[in-house]
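Just so it is clear, A, B, C, D and E label the chains in written order, and each chain counts residues from 1 on its own.
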Amino acid sequence: MVNPVFIIVVLLGAGFLLGLFRKTGISLARVAGLLALAFPLYVSVGWMLHFIGQTAQPYVVYTAGTVPPFSINLRMGPDEAFLTAAINMLGFFGFIYLFRLFKSQGVSTIILYLVLFMGLNVIVMTRDIFNLFVFLEIASIALIGLVLVNKGIDALSAGFKYLIAVSVISSILLVGIGFIYYYSGTLNIDGFIENNSLVMKGLSTAVFLVLVAVVLELKAFPANGWALDVYQSAHPGISALISAGTATASLFVLYKLLPFGGHLWLQVAAVIGLVTFVGSNMLGIAQKNANRLLGYSSVGQIGLLVAVIGFSDDLGSHLRMIFFGLFISHFLSKAGLFWLSGMAGEEEISKWSVLRKKPALLLIFGMFVFSLIGFPPFPSFYGKWQLVMDLSGNGQILWIALILLGTMFEGVYLFRWLGFAIKHEVDESKAPDTAAEKMIPAGAFALLLLGASWVSNAYFPGAMKTSFLPLYFILFLFLIDFLPLVIKNTLSILSLGYYGWRLYPSIQDDTLRLVFAGIFLIGGMLTLFAGYSEKGKRPGFYPFALMMYAGLIGLVEADNLFGFFFAWELMTMGSYILIIRGKKSLVHAYNYMLFSLGGALLILFGIALTVAGQPDISLSMLASPAYPGWAYALLAVGFLTKTAALGLHIWLPGAHAEAESDVSPMVSGILLKAGAFGLVILFLAMGGGEAGRHPLLYALGWLGALTALGGNLMAVFQEDAKRLLAYSSVGNLGYILFAFSFMTHIGWLTGLTYSINHFLFKTLLFLAIGGVVMRVKTHNMYEMGGLIKRMPWSFIAVLVGIITLAGIPPLSGFAGKWLFYNAVIAKGWFLQGALVFFAGTIAFLYCFKLIYSVFLGQEKDRFRKVKEAPVWYIIPQFILIVGIMIFSARPEIVLKPIGALLSQAAFFPSEPLAWENVTAYTNLGYWSGFNIMLVIGAMFVVLLGWLLLMSRKAQKVKQFNIVYAGEAPFTPETTHFSHNMFAPYNKALGFLIHPVATQFWLGVNNTFHALAESARKIYSGNGQSYIIHIVAYIVVVYLILS
Amino acid sequence: MSYTFIVIIMGIIMLVMAFTAIYHKNLKVAVIASGIISLFASVIYIFLAAPDVAITEAAIGSALTVVIFFYVLNKIRLTDDTK
Amino acid sequence: MELATKTGFVLLGLFIILNWGLIMAGIIRKIIARASMRRGISVFQPYINLIKNYSIRSQLTHGVMFYLGPVFRLSGGVGIFLFMPLIHDSEIWSNFSFAGDLILIAYFMFFGMLGMALGAGEGGHPYSAIGISRGLAQFTAIEVPLTLAILSIAFQYNTLSISEIVARQQGGILNWTLFTNPLATIAAMISFLGAMGHAPFNVVMAPQENPIGPPTEYHGTFLGVLQTNRAILHVIESVLFMNLFFGGASNWFELIVKTFFIYFWSVFVGMVFPRFRVDQSIPWLLKIPVLIGILSIVFILL
Amino acid sequence: MIRNSFLVLITAGMAWILLDAVSGYQSREYLNDLSGYYATSGPEETGAANLVTAVVVTYRGLDTLGEVTILFLTATIIGFMLRTSKRREGSVRRATSEVLVTASNVLIPVIFLIGVYIFLNGHLTPGGGFQGGAVLASAMILWIMSQSGTKVSHSLLEITEAISGFGFVFLGLLGIILAGGFLDNTFLSLGTFGKLISAGAIPVIYSLIGLKVGAELSNIILVMNETQEAEQ
Amino acid sequence: MNLPGIEYLSLGLGIVLFLAGLWGIIHQKNIIKIIISFSVLDTSIHLILVSIGYMRNRTAPIIDSAVSKTDAASQVVDPLPQALVLTAIVIGVGITALMLTYALKLFNEKGTLEIDKFKSLKW
């Protein structure tokens, strides 16, 4: 272990000596600089490793051969080792990033760079406040110098604003330090904390001055315009240093000095931090400039970290863990994002699509974005989770709400940005700068981020562990992305199969889970099958598809809330990428993500209110939440965003319709069940039949009924085949929600039957329509017509699908309807039931429209040559048809064990469904799927035979021969009656589907945008106003405190 | 205390100078006013038993700063903006 | 009971129903003609039509679905028959009603409709699709009062089994649902008007009245099949309403009389009222009959 | 008007805060533990008669190192900003007066010597590296004024800057190796109290500081003088 | 007349100058004026710091003929604030010089020194 003072010696010595080489020797200087920066990295990483291995004790460096408080001392403890290691890591890689720049800018910049990092190291290590002041000045000034590597008025004026702002802040700091010395007689941090209390007004004011100055150094909102300007105008390589480097050091300063202020200041820091987090992120919504946006984000994230420090009393022993998680994500991602900004070379976030030319960059970009918002497996996920849990344990509910609100705002702009990068049209003439010296740092930080994720998982407390096995496989898929599609697809299918085989023994007794696992896994394999028909390598598809499935299965597998939420987020992340792959999916995927994120945050909130800081986070905790009403409501709404309940549904149609042909069935037939599964878990925990009278469930029942009606009604008026199916999914999920809300035995059987059915027929329909769309290259049904002759197999699939959907006997859809009636009558929810029934009849309209417009009616000339859908689409469809047939004929295979479980596990012991061979009995009625199938089958065959016999000589004629009495024109004008098919219906009931929800969310969106747009006017660009903000901020905070 | 009167008088002058430095339209006059504040401050330092500080303030805070100001002001040969 | 015996009785029942359907259609058309001071067709005209159609030699088809459409249609009609208990307390005339209850029948009605829709759809003539779209649209509204009525009586009798519902209405005319739950009956009977496709809810048929509607597309044997189905369906739907609201039938005579009046009700109303457009009929159906249906449920709950 | 009243308001707010900060102020009677230690043990430990110097160079040597670094940074940045722009191409604006040239030729060495004297005696008398450095810089100013129009070489300044800065760090390092810690001055003999050659490494360090400060300040002035910025 | 000690006076003077400097910074539009105000502010801080280190009837913290090494503790004023001020003065001049250089460059870019004219970055 090297004496940390050598960090100063080497960096400063090198800095001074490089002054000799100002005119010549830039190459030498660059190498020397890099070596000089490698040294502190080596030192601090060495210390860190020793601390981790617990082979080192905190080390104090005394200067001047005297003990503190008489001289200045530096400390190298675990915290310092970690932070300096991070800072020096940034220093090293940041230097590489700027390597080319240094050549053009000369040795001076290298000197500034080395001194900057010397300063940051000392800021972290020093235990003397005046010394802190000096080195804060060093760091600020070095940065102001570095800002100037960007020429022009912008950087210059930003640098000046920064300079005067920092000068005023440090003046305040200095005054505070002076009075602290006067009142306490010491400048030593530890000495002060040990011996002083703030009873004296003068001293507390002095402490106020010091701490408020530190807070301002951390760019507290809204007195932070000066920093934003620098973020925007500085070279991205430099902005990275500000965001990740100086902020890190300043954060630690706050951590060191906050004990000065005692408990009061902890609260102040928490408030200031959260205000900054929420405020800054909200203003970010309106921001379009990439670097400035990163500035807003940086300020916000640092605010959150400040708040975490402020919460240290509440967090107790978890403080370090939470801080680590949030900090390291911000640190790595923000530096990485600034670096990427330099590589993209675009200021407008909409032009970041240029990254697409280098997929690796896009991948890294995505990683950073997800990590910033706190998606798994990144460390911030762990941090945010634990933070929220602990806060809730201490009853700090309002804080949680603010944290989640800020995160939501952050998601709003970060995902817009990510979406642009993935999907916005790209300027062909531009390309990202992928010079090695820029790739290395960005790549290294991305790898470090992965490493930190692993560390988080490995070292966080026991319950917060999840199997990383699927993640390793996903990583593997990223690595083999260059391989041909066949291999990747096969591997993916096999992996799902293997996982199912591995999982089966653990859930075979839990039929509920088994059903959902079956939907996810079998559905996954079937839909992946369609992928074989894709051409090319389909880069970037498989890792995310598997990520979604890993998440889905993780939901089933999870035995605690953490694992559940982990899986939930994983699924969201994967599905988002899958959805955004569609050609016109930019907006829709964005909407999907926003609703998913909002939902996930509500779920997190709900979980927090459930767990409330208790160590036990198993799923059974849901049965006795700390704040039952709120927890349940939040969880329910969270899950409903995924099931697209009415009002929260507006993301779904676009997202499902515009997705790729084989992605639509994944996200519609399979993914939606995640929400249903969430509801199942939640409702079960609410305590079986007893909870049936819960007002929440009553409300959800109505919501489900209205969703069913609204979704189906909207589906009727769609001209886009996939959109029609998507709205139909909204409606169907409404049925499912409705059925589960019953909280009765039969209600649940209904819900599960609907779930299984919806999986079967919606996957089938989306696959079939997807195959058609692939061939005819349009979604508009009125442009199709008569395709039955070209695509008979697809037609059969759609026919089976709509019969099942409509619930017509003998197919399994009827099972759901029958159970549904029994449940409604038993429960007594007649009005809602009638509503849902009405929705069910409306389903006929769109079913007919779908099959008629696409396959029947007049054949279009332009489609006379289209082929049947690819065989890889047909195969899974027929497997699904077989599934439907089996489920139709022998529903008891599935329903019986579920019923047994529902009774046995004492969820819903009463009113069971009795089975007698193949006939099901309730106390109301009976139904025998097998017999119905048999009777109808026999009858159908007989009648068909009879007709065949009677019309055996039937002559096949072309369609137009009848219409035109045998004299069809050569190219007849086709009159396919399809567009606006249900115009009278629209006239009658169209008012019901007035897009209230869309308008509402649009209004919310506009409100926040307008708010952000007007609020950010305070950043007038006038350096003096920024100073006024600072002074006003100080005064206001003081006012509030006294 | 005999110093007290001197300090009071100097303080009044310094305040006047501060007003001048902030409000005088001629930048050079303003610079000189700020230099005088520094200079008088260094005298007060001597009264406050701080000779080291006094020398430093006189040499650096007062003289050198004013020189640098003048260098810059000379470069900015501007008449209308000095208002 | 042996499956063969059962099948035998079922076929016999089907035969009776078919013939009664044909005759009833003839009688009613005669009555309508007389009421409008015409002489009208022969009562046996439906038989003649049927035989004529089955014997036409020239048969044209457009494709598989065109072919299957009538089969679906007839399966729908026959299927309802198969699952419908005809005579109260008679095992031999209960058909295959052991396989499913009221809900099965309610949903099986769609089977035939779907087949017709698909078959006509493949014909390629836009008028077919226009007719179907109107029919389906109106049908959604027609079903709502019926559903409310069904829910009402299911709750009233606490069963969904048709045989059971009939059994509960025995023992005097006052035990009929008509009297125990008049609101449900009114709602259902309004639905019945729509289901029968007579005025004022027969705008669905409007495209067919032009010379090139589905009846032109379907001709010969196909049309025969459709006519067969219509005969069966009209009777069997009347049987359903009879079972639900009018005490069922304890013998064939009762069945014939009751179905005749039930069916006649729809024709009678049709003669009195003009035709609704679809966008008029739907709001109308969703207002008054639905309100009545809701009241019937409220009434039962009280 | 609104703006001004707001400004008055926040200034008043600051006044209020500062008044609160001094509210506990009263004239001090005793040195506190920290300064008492400096007064009693400082001379012994460091060998410096000037306690301020003892504090500046040893006890708080790290601050001083940082402060020198700040000066170095500002000089570097100013150089970086101004040198990259157009330099004056030896254009003579006006002839320097003979008097000034002659006087400066005499005065410059004297001023220079005074500066050296000040920082060499920093541990004994008031004054030290900063003050001496400032004096050296004033010699520089004089020289520039007298040499108007000729180009001045930066190399000497840069070498002085670099060597003295590095020397400072190096002496600090010697403190670790030879004595009790970074910037410990006792690795050289403390000598006789009150003599020029005493107080261990303090005079050496202060001299380096003086050279460094002088060089930096001179550099700033030189660059400012040379730049043609804003002289269109 | 019982006059207050000079330390009170200089402390009060320091505070007033601080406010004056601050007022100049937030009120004056001209960048040079802002810098001048900053240097006033800087000076005021030094004055405050030195004042709080002062003790009546004591001498400068230098051991010489007047102050013996042994009871220096009762004879000299607090050396530490003075040391801090030394450091602060040098830092102050550095920053002032830096600000001035910025002012020069800014003027060169835009031909004006009005701070509201440099608002190319905002929001």
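By definition in this document, a residue touches a chain if its C-beta (ideal position, glycine included) is under 8 Å from a C-beta of that chain, and two chains touch if they have at least 3 such contacts.
This one's a predicted model, so the numbers in the text were calculated from it and none came from an experiment.
Of all chains in the assembly, those touching chain C and also chain D are A.
Chain centres computed from CA atoms place B at the largest separation from chain A.
In terms of C-beta pairs in contact, A-C outnumbers the other of A-C and B-D. Distance from the chain B centre to the chain D centre is 19 Å, each centre being the mean of its Cα atoms. The distance from the centre of chain D to the centre of chain E, with each centre set as the mean of the Cα atoms, comes to 16 Å.
Averaged C-alpha coordinates put the centre of chain A at 51 Å from the centre of chain E.
The centroid of the Cα atoms in chain B and the matching centroid in chain E are 11 Å apart. Within chain E, contacts with two or more other chains are made by residues 5, 7, 18, 22-23, 26-27, 42, 52-54, 60-62, 76, 80, 82, 84, 86-87, 89-91, 93-95, 97-98, 101-105, 107.
Chain B has residues 50-53, 56, 60, 64, 68, 71-72, 75-76 in contact with two or more other chains. Residue positions of chain C touching 2 or more other chains: there are none.
Chain pairs that touch one another: A-C, A-D, A-E, B-D, B-E, D-E.
Those residues of chain E whose C-beta lies close enough to touch chain A in the complex are 18, 22, 25-26, 29, 31, 34, 38, 41-42, 45, 48-49, 52, 80-81, 84, 87-88, 91, 94-95, 98-99, 102-103, 105-106, 109-110, 115-116, 118-123. Interface residues of chain D facing chain A in the complex, by the touch rule stated above, are 6-7, 9-11, 13-14, 16-18, 20-25, 32-35, 37-38, 45, 58-63, 65-67, 69-70, 72-74, 76-77, 79-81, 158-159, 161-163, 165-166, 168-170, 172-173, 175-176, 179-186. Listed in rising order, the residues of chain C touching chain A in the complex are 54, 57-65, 67-68, 70-71, 74-75, 78-79, 82-83, 96, 98-104, 107-108, 110-111, 113-114, 117-118, 121-127, 129-130, 132-134, 136-137, 139-141, 143-144, 147-148, 151-152, 154-155, 158-161, 212, 216-217, 220-222, 224-225, 277-280, 282-283, 286, 293-294, 297, 301. Residue ranges of chain A in contact with chain E, taken from their complex: 130, 134, 137, 141, 144, 152-154, 156-161, 163-164, 167-168, 171, 174-175, 177-179, 181-182, 187, 228-229, 232-233, 286-287, 292, 1016-1017, 1019-1024, 1027-1028, 1031. Across the complex, chain D is touched by residues 3, 5, 8-9, 12-13, 15-20, 22, 61-66, 69-72, 105-106, 108-109, 111-112, 115, 118-119, 122, 126, 128, 130-131, 134-135, 137-138, 141-142, 144-145, 148, 175-176, 179, 182-183, 185-187, 200-203, 205-206, 208-209, 1028, 1031-1032, 1034-1036, 1038-1039, 1042 of chain A.
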